[in-house]
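Labels A, B, C and D are assigned to the chains in the order they are written; within every chain, residues are numbered from 1.
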Amino acid sequence: MSKVVTMKEAIAEYIKDGQSILISAFSINQGYAFAHEIIRQKKKNLTLIRSSGDILADQMIGAGCVGKVISPYVWNPTGPSSAYCFRRAMEKGIPHKVELEEFSFGAFCMAIYAAAHGLPFMPTYPLEGTGIFQHRSILGEDKVRVIESPFSGEKVCLVKPLIPEVCLVHVQRADAEGNAQMWGPLGDVRGTANAGKRIIVSAEEIVDQAIILKEPYKTIVPGFRVAAVVHEPWGAHPSDVFEHYYRDIWFQAGYAEASKTVEGFQKFMDEWVYGVENRAEYLKKLGTKKQEELRWRGQDNGKFHSL
Amino acid sequence: MENFIPFEMMILTAAKQIQNGDALFVGFHWPMVASRVARRLHAPDIYCVYEGGGIERTYCPVMPNTGADLILSPHLAFAGETYETLCGFLAAGHLLISMIDAPMVDRFGNINSTCIGPYQCPKVRLAGSGGAADLGANSRKLFMLSDRTTKDGFPARVDYVTTPGYLDGYDSRIRAGFRPDTGPEMIISSLGVFKFDPVSKEAYLWGVYPNADVEKIKASVGWELKEADKLTALSTPTAEEIKVVREELDIAKSRLWKIPGRQ
Amino acid sequence: MENFIPFEMMILTAAKQIQNGDALFVGFHWPMVASRVARRLHAPDIYCVYEGGGIERTYCPVMPNTGADLILSPHLAFAGETYETLCGFLAAGHLLISMIDAPMVDRFGNINSTCIGPYQCPKVRLAGSGGAADLGANSRKLFMLSDRTTKDGFPARVDYVTTPGYLDGYDSRIRAGFRPDTGPEMIISSLGVFKFDPVSKEAYLWGVYPNADVEKIKASVGWELKEADKLTALSTPTAEEIKVVREELDIAKSRLWKIPGRQ
Amino acid sequence: MSKVVTMKEAIAEYIKDGQSILISAFSINQGYAFAHEIIRQKKKNLTLIRSSGDILADQMIGAGCVGKVISPYVWNPTGPSSAYCFRRAMEKGIPHKVELEEFSFGAFCMAIYAAAHGLPFMPTYPLEGTGIFQHRSILGEDKVRVIESPFSGEKVCLVKPLIPEVCLVHVQRADAEGNAQMWGPLGDVRGTANAGKRIIVSAEEIVDQAIILKEPYKTIVPGFRVAAVVHEPWGAHPSDVFEHYYRDIWFQAGYAEASKTVEGFQKFMDEWVYGVENRAEYLKKLGTKKQEELRWRGQDNGKFHSL
């Protein structure tokens, strides 16, 4: 049974105002195509869960889609620079206040692990004395609890399962049934893609199931877990996808510059999000020359040196 | 011998902490540059472990954007998961040293990379932890790198503890549940090199770069800085060392890194 | 309609519990045969999840030795880890049904695959749990398959609880900390099909194969077997059904499986 | 730095009487070459840790190398048949008593996870009421402890880290430095290979590091964790290795038949273990015809149907 739909259809059907959604992958394979369609459809009051907030979270916050954020950090890695919309929301409540619950990346991974593995909680690494431990918002007391180990008597921090209503994950390839393959460094994706009640996949390529069966060790989400599949080439630009394309740091730097002001951010969004109908139009705007520059070159990455 | 600036000495001094053959955890920013300098100068056979799940085995001619940048791919011996690197090899104690950026670090080695001012209404909101809190928790020897030279980079107490160092000093870190074999080892900064008192866990000035002005250093940190009975004079860099540091900073700049002292 | 033996009816009845499109956990032994029969008869589009980390999507012409046999490779849509299958999709509740072999199962659906006689000095030592205890803990609907027809296969109480069923009946399973949405659904055996009383959790005779002798069934289990107010008469298999069951048993035999009633 | 040594050297240097050793992989990639050399070197009183005891554990028990076993099960999957040496040890103390600590596979995986991930313990799935919970030997009270979840008040079973002194893992390929690659279904191997203080790798192939760097996502153990590397083609026979060879079920059935008696077992061992100097001689004995039959045939496995 084919589950292939357009991005517009997937977001319209599966993302509801007020839901908790997780957009998977750490730094790479970021589901920008998901985020931009969510922004175009003006979803509101989402709880956004991400291991690395990044520009993607910044844009969703700036666009006013997000009421709560659960994440270890939000930034723009190029420079590095501030995530300016995030800053404006936290410092000045622009466009509106956002409730933030911060984890260490390790504690976040453990909360996700508990969700994906049906465990009642997970131990995590010591956190007492940190700001993460002291400051609690959305999860309150349940953010981190401390017990004495029944084995050693030592203090142990526990986190409870973090189960998003919908997980969105961008992968290299999938079949029409949703068997989704990703390879290369995976960050937290094996956990974050599988932690939710429902999973939507977008993929650089939709392939015959025979391709999946040939390298089954690349599958990170089996088809039976997947509600919908979207074919979305370059769906992770300006982040990078293993064996497909490199990170567009120039685009990220441009975003940093533009988003320093509300007006600049608005202009950027008008151009790259609201002003395009879908990812295909975004790509046309990006241009074939840029795509060629960013396209994967196997074991030869030296060319970038001079860029 | 060449002219050099303290920032370059900071990078070089950090690089020298890395031995050939080491497996080390490399945090974002200056630790990445330091590990590249080490690899070129004296430690080609190191494993640089990143929170994104990659482990770098050979020198990458391109400066990665972050440790998770796939431009590193041809140089990775391992492309796994955060569960295996940050929550695996680091947490289980298989990495001898770690390095982390320390833009604001206090006298007990606590780093703030979350916010300036009150948490609920920050004057400046920064990125937040990422893996920084876990590095503070699990690093066996944590080297902290700071490009700062003024008091706001070295407050007596940070506004927010993102990376736990020795917390309130003395045994407070142990009482909070951290393993005794973990914790900060050194702050390597553009001011000089700090170590931690074995009892009070307060940072003291341990080593200085050539031509350093100790009184000026003391005036540049937010607490009454003690110094070692005998300050270590860090040696003047060789021409080759400075050349490699500058080349690496050039490569970083070509990839849009902001470099202190350069436009 | 053909001649058939109850063992073949057991396999076929188990196969019929599987719906096309299901994702199910397949334990070692008869569940593997049942899933293959289902795939050929009415459920080609199922995902068979194994404890070794593989998930089978298409029919494999060869009978695997176990669910982890790499002969299955060309038919796997997913080749991951035990952490993802047994301790992942199963444990997190994403599989609607599970099937497990039940060579000795008692009146509360507890299975013993560990030892006959006292644990410390067993008369016969068997394999032990493997994932069987976890299947008992986490299966949302657990179907138990038994090829046995005598009391030693259906004791009132097993010598050792390898796979927890309803333990001592009533709410004992819940009190022991198991999730309310988990537990045995049915025992499908060569004697007939048993379900569990919603209150006492005792197994009772629910369905019988054509030509069954209910009194003989009752005499073949180790407790006073109750029966449903109205016994379900399981329908006579079609020629096609029996043909497929037998072909699958032939394929299993060609791979050195021991098949009841065959040399 | 090359860490390549012979199997004889590796076992002589790293395996000491009385140690706890884990031979990794679930059912596939079983380190038979490790086990046979341990038997030839007459190591004693080992604590053998395995996710699936299998014939390998049976042989080590029968040969008298093992004082304790920590495993979820021990059997011969072909037939299936009993693991007769294991049975004799448990039923009659032949060749001597063996202390056994049994886990569910899930609980075993969690104890290994805690070890590999530096966690003080792991929660696992409910076990109360099972024989595994009731019967404890080596680990005593620490085998499984029960707490009330501080989040929900529910009972939660905890297991502590299971940290072997040495982990032995057989993989498809490794470089001389120990970067070890395995792919296909992995069972528990990512955990069990990495749980120990020291790791020894045997590999079907020793390859240039360039091969490792091309597909870094196949690496399961990074070189810095590895003490020694052994080149051991067919090192897992009669078990199977993805993209190398299939399981030799006929050999396993022959072993079942032979090992029914002490004498039969002894004869089998004289022939296949004591009577050969190393794996190369074992292979010669197995013969090239058998190797051809078992050799991997890509997506075409139909041929086995008629065997």
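The rule is simple: a residue touches a chain if its C-beta (ideal position, glycine included) is under 8 Å from a C-beta of that chain, and two chains touch if they have at least 3 such contacts.
The shown structure was predicted, so the numbers you read here are calculated from the model rather than taken from an experiment.
Undergrad: Trace the shortest chain of touching neighbours from chain B to chain C and give its length in steps.
TA: Shortest path length, in steps: 2.
Undergrad: Which chain maximises the distance between its CA centroid and that of chain B?
TA: C
Undergrad: Please work out which of C-D and A-C is bridged by more C-beta pairs in contact, and write that pair.
TA: When A-C is set beside C-D, the one with more contacts is C-D.
Undergrad: State, to the nearest whole Å, the distance from the C-alpha centre of chain A to the C-alpha centre of chain B.
TA: 27
Undergrad: Where the centres are mean C-alpha positions, what is the separation of chain A from chain C, in Å?
TA: Centre-to-centre distance between chain A and chain C: 40 Å.
Undergrad: Please compute the C-alpha centroid of chain A, do the same for chain D, then give the distance between them in whole Å.
TA: Comparing mean C-alpha positions, chain D is 38 Å from chain A.
Undergrad: For chain A, write out the residues touching at least two other chains, lowest number first.
TA: Chain A, residues with two or more chain partners: 118-119, 125, 154, 156, 183-186, 190, 213-214, 216-217, 242, 299.
Undergrad: Among the residues of chain B, pick out those that touch two or more other chains and give their numbers.
TA: 54, 73-74, 76, 79-80, 83, 87, 91, 138
Undergrad: If I apply the definition of touch given earlier, which pairs of chains qualify?
TA: Final set of chain pairs in contact is A-B, A-C, A-D, B-D, C-D.
Undergrad: Using the touch definition up top, name the residues of chain B that touch chain A in the complex.
TA: Touch residues, chain B against chain A: 28-29, 50-54, 60-62, 65-66, 68-71, 73-74, 76, 79-83, 86-87, 91, 114-115, 119, 121-134, 136-138, 160-164, 167-168, 172-173, 176-179, 251, 254-258.
Undergrad: Give every residue of chain A touching chain C within the complex, in rising order.
TA: So the residues of chain A touching chain C come out as 1, 115-119, 179, 190, 194, 209, 212-214, 216-217, 219-220, 222-225.
Undergrad: Could you list, by residue number, the parts of chain D that touch chain C in their complex?
TA: 26-28, 51-53, 71-75, 77-80, 82-83, 86-87, 90-91, 102-107, 109-110, 113, 125-132, 135, 146, 154-157, 183-191, 240-242, 246-247, 249-250, 252-253, 298-302, 304-307
Undergrad: Spell out the part of chain C that touches chain A in their complex, as residue ranges.
TA: 21, 23, 45, 47, 54-55, 57-58, 73-80, 83-84, 87-94, 138
Undergrad: Can you check the complex and tell me which residues of chain A touch chain D?
TA: 118-125, 142, 145, 147, 149-152, 154, 156, 158, 160, 183-186, 213-214, 216-217, 242, 299
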